[in-house]
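Letters are used for the chains, namely A, B and C, taken in the order the chains are written, and counting of residues starts over at 1 for each.
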Amino acid sequence: MKKYSVIIGAIIGISAMSIHAKTYVLTDTQNNIEVGSWKTEGQNYTIEQQVLHGGKQEGSKVITITSPNGLTIALSPTRGMGLLHAEGNGVHLGWKSPVTELVNPAYINLDSRNGLGWLDGFNEMVVRCGYEWTGHPTTIDGQIYSLHGKAQNTPASYVVVEIDEKPPFAIHVKGLIKESTFKKTDLRTMTQLTYIPGETSFKLHDVLTNHADYGHDYQIIYHSNFSQPILEEGAKFLAPVSEVSPFNDYAKKGLKDWTTYLGSTKDFDEMVFNLKPLSDQNGNTIAALVNKDNNKGVAIEFNTKQLPVLTLWKNTDTLKQGYVTGIEPGTSYAYPVNIERAQKRVKQIEAGQSVSFDLTYSLLSDRSQVQKVENTIKQIQGSTTVKQVETPIAKE
Amino acid sequence: MKKYSVIIGAIIGISAMSIHAKTYVLTDTQNNIEVGSWKTEGQNYTIEQQVLHGGKQEGSKVITITSPNGLTIALSPTRGMGLLHAEGNGVHLGWKSPVTELVNPAYINLDSRNGLGWLDGFNEMVVRCGYEWTGHPTTIDGQIYSLHGKAQNTPASYVVVEIDEKPPFAIHVKGLIKESTFKKTDLRTMTQLTYIPGETSFKLHDVLTNHADYGHDYQIIYHSNFSQPILEEGAKFLAPVSEVSPFNDYAKKGLKDWTTYLGSTKDFDEMVFNLKPLSDQNGNTIAALVNKDNNKGVAIEFNTKQLPVLTLWKNTDTLKQGYVTGIEPGTSYAYPVNIERAQKRVKQIEAGQSVSFDLTYSLLSDRSQVQKVENTIKQIQGSTTVKQVETPIAKE
Amino acid sequence: MKKYSVIIGAIIGISAMSIHAKTYVLTDTQNNIEVGSWKTEGQNYTIEQQVLHGGKQEGSKVITITSPNGLTIALSPTRGMGLLHAEGNGVHLGWKSPVTELVNPAYINLDSRNGLGWLDGFNEMVVRCGYEWTGHPTTIDGQIYSLHGKAQNTPASYVVVEIDEKPPFAIHVKGLIKESTFKKTDLRTMTQLTYIPGETSFKLHDVLTNHADYGHDYQIIYHSNFSQPILEEGAKFLAPVSEVSPFNDYAKKGLKDWTTYLGSTKDFDEMVFNLKPLSDQNGNTIAALVNKDNNKGVAIEFNTKQLPVLTLWKNTDTLKQGYVTGIEPGTSYAYPVNIERAQKRVKQIEAGQSVSFDLTYSLLSDRSQVQKVENTIKQIQGSTTVKQVETPIAKE
């Protein structure tokens, strides 16, 4: 396999931001650049790309950002720029799936198991579920709309690491995910992870562009998954919401305790709740998972103008099955696309138009950080009571 | 990845032709030869194999023949020896698809979208649609017959470049496409592209062999696709035909103008016409696309004994959607295999038998070349009038 | 592609057995080890791993054990540790499929042809058909249960070669096949081939572990396939059985001659027989294929407590179609999983439990070896008569 030498300091005219940045192109299909194993180091960070081998992970790539006093963050260009895990101050963000390999999408058939093939690779901390469609699988006119769409199983066409040369010396990892099918769709998403070394939070700024000459549907769910040490018996979910409803009949029985978690529980399977998030006057809001002792947590800031709904996935089954909860800001709930469309949650993106999605993930590792997030949530919640709707808003 | 040194001048006993040829085996699965990046140069040509990387084109190979005073021709062993594009005298043959990568078939699921997975990779100039089946997808007894069959998404098992050592020093690129499935089919096609450096035409000579001990159906459409600078408002399609009919109801409204093209037209989508080509006494015929000014074009010579029907695909939608027309000599029209079978266009190849398909593609870059093709077409057309059938011959 | 240096003599704490063994880890996804091309030699053996290239076998790996006075055995980590062929004393074990490449599962869609995609890669001597399901394909609630399950098209996650350092200096090739799908299954099979250089038999010892916290169905068929020079007109199948029944109506007409074989026969297709094997008091039994002259054969020893049923697949069609017979000890016959379940042959494996499968394959190359196997079979058969059931026990 031909290895291209790393292009150091090349100025790529992608955005104004890169003018004062060191730029490393790791993948560029248009210019046939594929760097493979790669590493760069700064004063307080290391960024490394590794190519995995063996089994179904043959050829899968991982980019790891390591900041000794901040976070270690891993993401995978091969799996749609999905975030694998993050870690800092002794707190791990992510979870343990029975799927232990970073499966190369070449080995995945999304349509298998009647549209559940996505489950053969699912083990990430943050999965972009979209953008052509998302949600539970369904078959319409013979076409399987497979679980959570194709983006996560699409290898990035263009990957660049940019390191700002002026304070705060932010690191940007951009990756382009193309959902391009002749006659059908040409949705291209330039994902971006931004991390400032030493900090304990990171940002996503994804720009979805409809490259086609016709408008197109889109859906997106940021499927953000966390487990131990934050998730435990007595852990809490916090978010300002106006309404909660069970996803299905099984979740009804968990409605009264929807904000608290069980420990790993045999036969629990999963309960899903549909939430209507509240936000400040700018649409900004925040959701968090906090441990029992209120000294560990993770918070996700997002904007309800971009991501108007929020799904809470409580999968507190046994450790081996995947003890995990998902906090999932999105344009849609997890119902199949036909239900989401009927209920008017499927968005439209006009020809040539772009829409952005911004999320900030913060690792909380002491009581004061947790308290601060709780305060913000209380402030946004204000005096609004949370309406508990007993009946699922849709039936699959 | 193990790289084998290039075998220069080795005599492979494939055909008498190679006795006086320099022979370069680029791929040979039986002997585990895979050359990867490779280049050879002659007095007036360069032939190069490049391995692409990144995104969904990881591992895809391209062979490019460059003849400074003639053509540059690119084809892909990974994608069924499909021809990507050709260029000469400032005229480009091929088109621009929203699919920009040369997708490795490992990333394609032909059955997806109810049999339309082929659209995830379609961006070539010449696609062999076949040979086990072709046409629009259909499901028979639960089996999806996916759009345009499997050949184009089958990596070649054997690839050899032969360069004749006596005039006219033709270059032959052969590639073996195996459609071999235990119990089902063993159709093996030795494709061959022949190009004489300095010329502005090239030939395909494909030999389909039924390697099984039982007869088998086969279908083939040479899906040949062209765009700017030949395709434009006022461009013309020329071919001697006895009959034209619209593929479906939508194409009815284009019937009266079936030989001329629109510029890129929003909401045009595609119109398809079924043609019955006329030929000379040997079965030889020719079809052409010519620009408005009659000084640029492309002509395809083929034989109606091999390829009795001709499909005209007018996809004059916007540039970004893929502004393109397909001239498609075949054994079948593009209806699903069950319709083609009912209408007796599905061919049979007996056990051990071979059938050949010969096509010559010529780039036309001045008025006299265009005129010459027009004259040939007029001569074959003679006094036969073109019957316009208003009603589609089949309904999908 | 990064190549890791071979770890020689490393002690891996997998089993007590490896304490006095040289251990070579060839693949280890958890530690990102993938050795690629590799070779080791001893006094009377060579073990080599080769990476294949070109066509649909790009990246497929083969491990070959060669013992000059014993057997040459080839198996493929990429294709579920399947055994490709074995050879010794001039006798070849295995067969010739029209599928000539060792197809990388990245190029296989098991669901294609309504669940027959497995046929695009089938050419091995021993295929593990399982473990999540096996048998002929069926669709239940929209999910395709594809032919013979997924194990054979799953690249091994962990591959190790161990060579015992004390007599009889056995060679063990272990490979881990994970069928891990979030929410669905976590069946992990540590396959093991054991061969003592100089001998003409080899053993399989496979340990299937249900790594999940819930019980799960499993099925397994050891699809063991042989052809010339053993299979020929007048060749015989030998096994102690209490009952034989035709798999379907077509096999009825072959019932009276079910123990003998035809030469390669046009239009024969395949006849399948369901057998109830007899065994000794420990459950041990043996089945064999013997040539006409009783001087060549192959015997499979297995245990009916592990593998209670036996399928005989007679595919004595023409050589090109694949002239082959399958001797298939299993937990199930080859009916679709819903039939096998209804007839109580689908097994259950509890959470955390392991079940083992042990088989010994012996190459027979003279009359006395054949005679010995025949005697054992006669002894187990004893005075039990073989009941011939005329009607298939199930209808697909």
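Annotations for the structure displayed:
In the analysis below, contacts are C-beta pairs under 8 Å (C-beta built on N, C-alpha and C of every residue); 3 or more make two chains touch, one makes a residue touch a chain.
Predicted, not measured: the structure shown is a model, and the values here were computed from it.
It takes 120 degrees of rotation, in steps of 5, to superpose the Cα atoms of chain A onto those of chain B. In a homomeric contact, the two copies may use the same or different surfaces; for chain B and chain C, under half of the interface residue numbers are shared, pointing to different surfaces. Separating the centre of chain B from that of chain C, both taken as means of CA atoms, is a distance of 42 Å. Looking at chain B, one finds that residues 1, 106, 109, 111 touch two or more other chains. By the touch criterion given at the top, residues 1, 36-37, 50-58, 97-101, 104, 106-107, 109, 111-114, 116, 119-120, 122-123, 139, 266, 317-322 of chain A touch chain C in their complex.
Residue ranges of chain C in contact with chain A, taken from their complex: 1-2, 27-30, 32-34, 59, 105-106, 109-111, 141-144, 154-159, 178, 180-184, 186, 211-214.
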